[in-house]
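Listed after this line are the structures, all set down as structure tokens.
Okay, so chain A shows up in both of these, paired with chain B first and chain C after.
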Partner chain A sequence: MASLLVSPAEQDYITRGVEKGIRCDGRSNLDRRQVTLRTDMISQANGSARCRTGDLGLGTDVLVGIKAEVNTWQPGESEDQGSIVCSVECSPSAAQEFEGRGAEDLNVELTQLLDRILNGPQSGIDLRNLCIIPKQAYWVIHIDALVLDVKGSIVDTLMWATRAALLSTKLPRVVVETISDENGDTQAEFDVVDDPEDVAPLEGAENLPITVTFNQIGKRYVLDASEQEEAITQAKLTVAVSPQREICAVQKGGVLRGFPPSLVSEIMQTAQRVSQEELRQFDVLYAAARAEAERGGAEASTGSTFLNQF
Partner chain B sequence: ISCRASVLDTADGSAYFEQGNTKVLVAVYGPREPRQKSLVPYDKALVNVEFNVAPFSTSERRKRSKNDKRLLEVAAFVKQTFESVIQTHVYPRSQINIYIQLLQHDGGTLEACINAATLALVDAGISMKDYVCACTAGFIDETPVLDLNFVEESSIETPDLTVAILPRTGKVALLQMESRLRSDKLEDVMDMAVSGCKSIHQKLDQAVMAAATDLSEKLGH
Partner chain C sequence: MATNIQDRKRINGPTRSVEPISTAEPVEPFASGRLDGRALDQVRPIFMKTGSLDSQASAQAAPSGSAYYEQGKIRISCAVYGPRQGRKSNAKMGIFSCDFKYTPFSCSWRKSHIKSSDEKEISLILEQAVAPAIRLELYPKACVDAFITVIESDGKAATIAAAINCISAALVDAGIELYDSVAATSMALNGTQWISDCTQIEEDSTSCSLLVARMPSADEVAYILQHGKTKIEQTEEGFQACVNACTKVYAVMCRYLQGSM
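And now, the complex of A and B:
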């Protein structure tokens, strides 16, 4: 992350505040900053979303675009599944250090995390639904995330944006026909319907998990750390929880030390509780974003990214 | 066309520029301490441009590596254009970084990048001789046409001329053309592009005024 210099006095101030349950900007330990969510802003993508935690210019901003492509089956791949390919890129507009190859480590880490959460039965999306014709063709869903601004809590924002984008993804319908040869062999052919209105949403996207990241500061932990809090954090635990209250993925990051085991189990319990609230909040925001996108029509694709208050 | 300055907080200057469906975000960091001290001339600033294209920006998804020749070419053009316009002797031995992020691609990327970069540089407070306004023009069916989009650009027969001018003096900072154009038609197409640049200049000026008024209001004037 962008390097931030924090003095020992500031560190002490923040730590003591967190142990009492109050943070620098007035939030309590488990409060998230204000989240703004917009969908359907990239007209050429099958699905897109942009999520910002915090205010414009002062928050973490992630833009996710989803594109679906048809791939031909190669021997060696699984015969009846599609696939999801993730890619996260941190734009140098977010921080000076991301120029050239500076963001590579962060990109790889976030890509792998997203990949681990999404690829597999725990993501809620059954990859078999993405198969068009077994052993012949399948859908590949490319998830491309672009991090435009980083001010702490990047994983959560990334997951919110990805979830919103996948929920709003529309796959074109595919017509599969079986044709018989002269020899009596049957061959299946598929045709992607070109009609932009004839689309179907991605099945299973409602079951996508949401992540909550807890940063340990002192003896307590906080949700949605700001830049300063992340600079003094001792250890970080990211938990992905699905709407069915199942834990889908866990990752511990953080450079200074490890978690005491009792804290880990406490965090897991809190994660399950907090994530249900977060999912509710997400649904509200997402519904508002979709309503706006539908109302806006053409307006949603232009101008809704930077020009308005967003 | 719509644009807005000062959209990012960490960058010294930033701008967002939209022309139809082409959307560009530019961040400017500088003047800063140079990365490689050996490259920096003793009496001028070094202008460094990096151009990034988002994979979802075109209708077919394409992930470009950082060293893609097309990207490097656009970056080199932008760099050349601004090296002549920024008063580099005011910032000796320092580096000015311009990071361009293309969010959506619908033709006219070079011109959008230059316009957005101008706005971002003004927002960063870097002294320049003048605005740089760019515009594309082409020739379809015997008529000069302004501002080609992606579909028009990709057709092989349409010549595509990008012109960047300094509005006050009318000098040409960048001229790039692909495909063939009859030399007698060149003047018409150029004139069209130059008049397009003038209207873009007005837009950029408005955006700068808006950002400046916003800032002065916040300062309490």
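And now, the complex of A and C:
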């Protein structure tokens, strides 16, 4: 964060290291720190996940809860689509400057980035599947993320947690019936099935993109910047890539410098390659998290497991 | 109880509203060329004027620099104040901040007076896009504020690009030290074809939009934003097209700014 002070000597040391491909914590430029992923942590939510990048108790920590709601259609809204609503909040527990309105800018930036990646055909989720009855009712998927700790690379951790939460999301089944009244007019009505066992996963969640954020330090760039590296970074580029290797969103951050155009092209190519490795790593971690959640069953949401591993 | 009393002096509208049935044919913007007859890579004509908000009567209240910018139907006004006393007294570098506002009548639907999250985000985008060009290290403990008012908008990405160009011109007018001026353009992807500087109608029928801000003399990309899905080759192609278009916009800006000195 901006409050972290890095001396010129330290800055020089980190920059030269990055240009040679060695980082302070022993990683290479394109390595990610250890990632811990847990799903189904919140029993009240339709889906939830928590992701930490970095060492135990020292990493960036994001908790995402998904709530699905049925909304009544209003004139002016698209007729046959549901919607996804994102909201990211940085907790003052993460950093002192988030107190009060201090996190407002960051909240807006992260919320809009998430919205840009998820709310539309680029997310891989077909919003038409979220429609229950056209011009009557549709599902709204609320994605609420809480950033509990910040130690660099907040966007990627947020996206890992969101992807895991959406993959673990279960929507209740909806029964649509057509009723005709005495005039012979037919009308569709729906019922949300109350049975917690009678649920279906969110269609298309496996097509969700993943983000890779590169921070430019000196003449080179690093993936998953630590807190120190982020403090001296000149510019950063976030690229969202789908499992089909398509680019779903690109956004530059950082106010100090711009990129040379050749570096932008190079980063895009690297992003495409690195994201596929990251997706494989994600799948492994997600499968393990699912297995853990199923083994834990009802205990998964109790306090002790919530704190464990984080 | 007050809610039950009917206001007899006014004609109250019906409580239920029904969507009007539109009889207009749906417009297909790219069926035969573009609606306004432009080439696919053509940017709408640009008009700009610096010092538009200089008031002769009260020099004290006038902003340090200002600019008015038109690009097709887009009309933007920008005022720059500063360098002036910053909020943080110990900052080693100056702070550049933007305040972006749509007027309520600037879009096809009415915008609220209250600042929306959309406007907050565009403010951030503008800060990140323009700040790399400003020599902020020369203004310790100070801040430079830009206030952008969109009088009329036509296409979201194109409006943001126009706002970046407008701020650049206003910064020059204010005499703020810059490395280079930032020129921005937007593109949208229709099928496999990139289309430059889309209007709202065109933007609604495209799948992906790309915004690039560039400092041509320094050869740096100050900002890049893509919304929507593409193949990587398409992104590269669109990026190159934007970079080229930025150079053309930059030439227009420079010619005007040199002439206005």
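Rule of thumb we're sticking to: the second predicted complex is superposed on the first by the 302 of 310 C-alpha atoms of A that agree within 3 Å, B and C clash if a C-alpha of one lies under 4 Å from a C-alpha of the other, contacts with A are read in each partner's own complex, and residues count from 1 in each chain.
Criterion: contacts are C-beta pairs under 8 Å (C-beta built on N, C-alpha and C of every residue); 3 or more make two chains touch, one makes a residue touch a chain.
Being a predicted model, the structure only gives us computed values, none of them experimental.
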Q: Sticking to the clash and touch definitions up top, decide whether chain B and chain C on chain A clash or fit.
A: fit
Q: Look at A:80 in the shared chain and tell me whether it touches chain B only, chain C only, both, or neither; answer first, second, both or neither.
A: neither
Q: Tell me which partner A:58 touches in the superposition: chain B (first), chain C (second), both or neither.
A: first
Q.
Let me test your reading of the model: by the given contact rule, A:242 touches which partner, first (chain B), second (chain C), both or neither?
A. second
Q. Regarding the shared-chain residue A:99, is it in contact with chain B (first), chain C (second), both, or neither?
A. first
(Q) One more residue to check, A:31. First (chain B), second (chain C), both or neither? (A) neither
(Q) Contact-wise, after the overlay, does A:45 reach chain B, chain C, both or neither (first, second, both, neither)? (A) first
**Q.** Partner chain(s) touched by A:283 [first = chain B, second = chain C, both, neither]
**A.** neither
Q) How many degrees apart are chain B and chain C as seen from chain A, counting from C-alpha centres and rounding to the nearest 10? A) 110
Q.
Output check: A:294 vs chain B and chain C. Expected answer is one of first, second, both, neither. What do you get?
A. neither
Q: Could you say whether A:144 touches chain B, chain C, both of them, or neither, answering first, second, both or neither?
A: first
Q: Quote the smallest CA-to-CA distance from chain B to chain C in the superposed model, rounded to whole Å.
A: 13
Q.
Taking the touch rule as given, give the residues of chain C at its contact with chain A in the complex, in rising order.
A. 17-19, 96, 117-118, 120-121, 124, 127-128, 131-133, 207-208, 210, 214-215, 218-232, 235-236, 239, 243
Q | Residue ranges of chain A in contact with chain C within the complex | A | 75-76, 104-105, 108-109, 111-112, 116, 120-122, 235, 237, 242, 245-261, 264-265, 268-269, 272
Q | chain B-facing residues of chain A, complex | A | 2, 42-45, 48, 56-58, 63, 65-67, 69, 87, 89, 91-96, 99-101, 142, 144, 146, 148-149, 151, 301-303, 305-307
Q) Which part of chain B faces chain A closely enough to touch in the complex? A) 2, 4, 6-11, 14, 16, 18, 20-21, 23, 25-27, 29, 32, 50, 52, 54-61, 63, 66, 97, 99, 101, 103-104
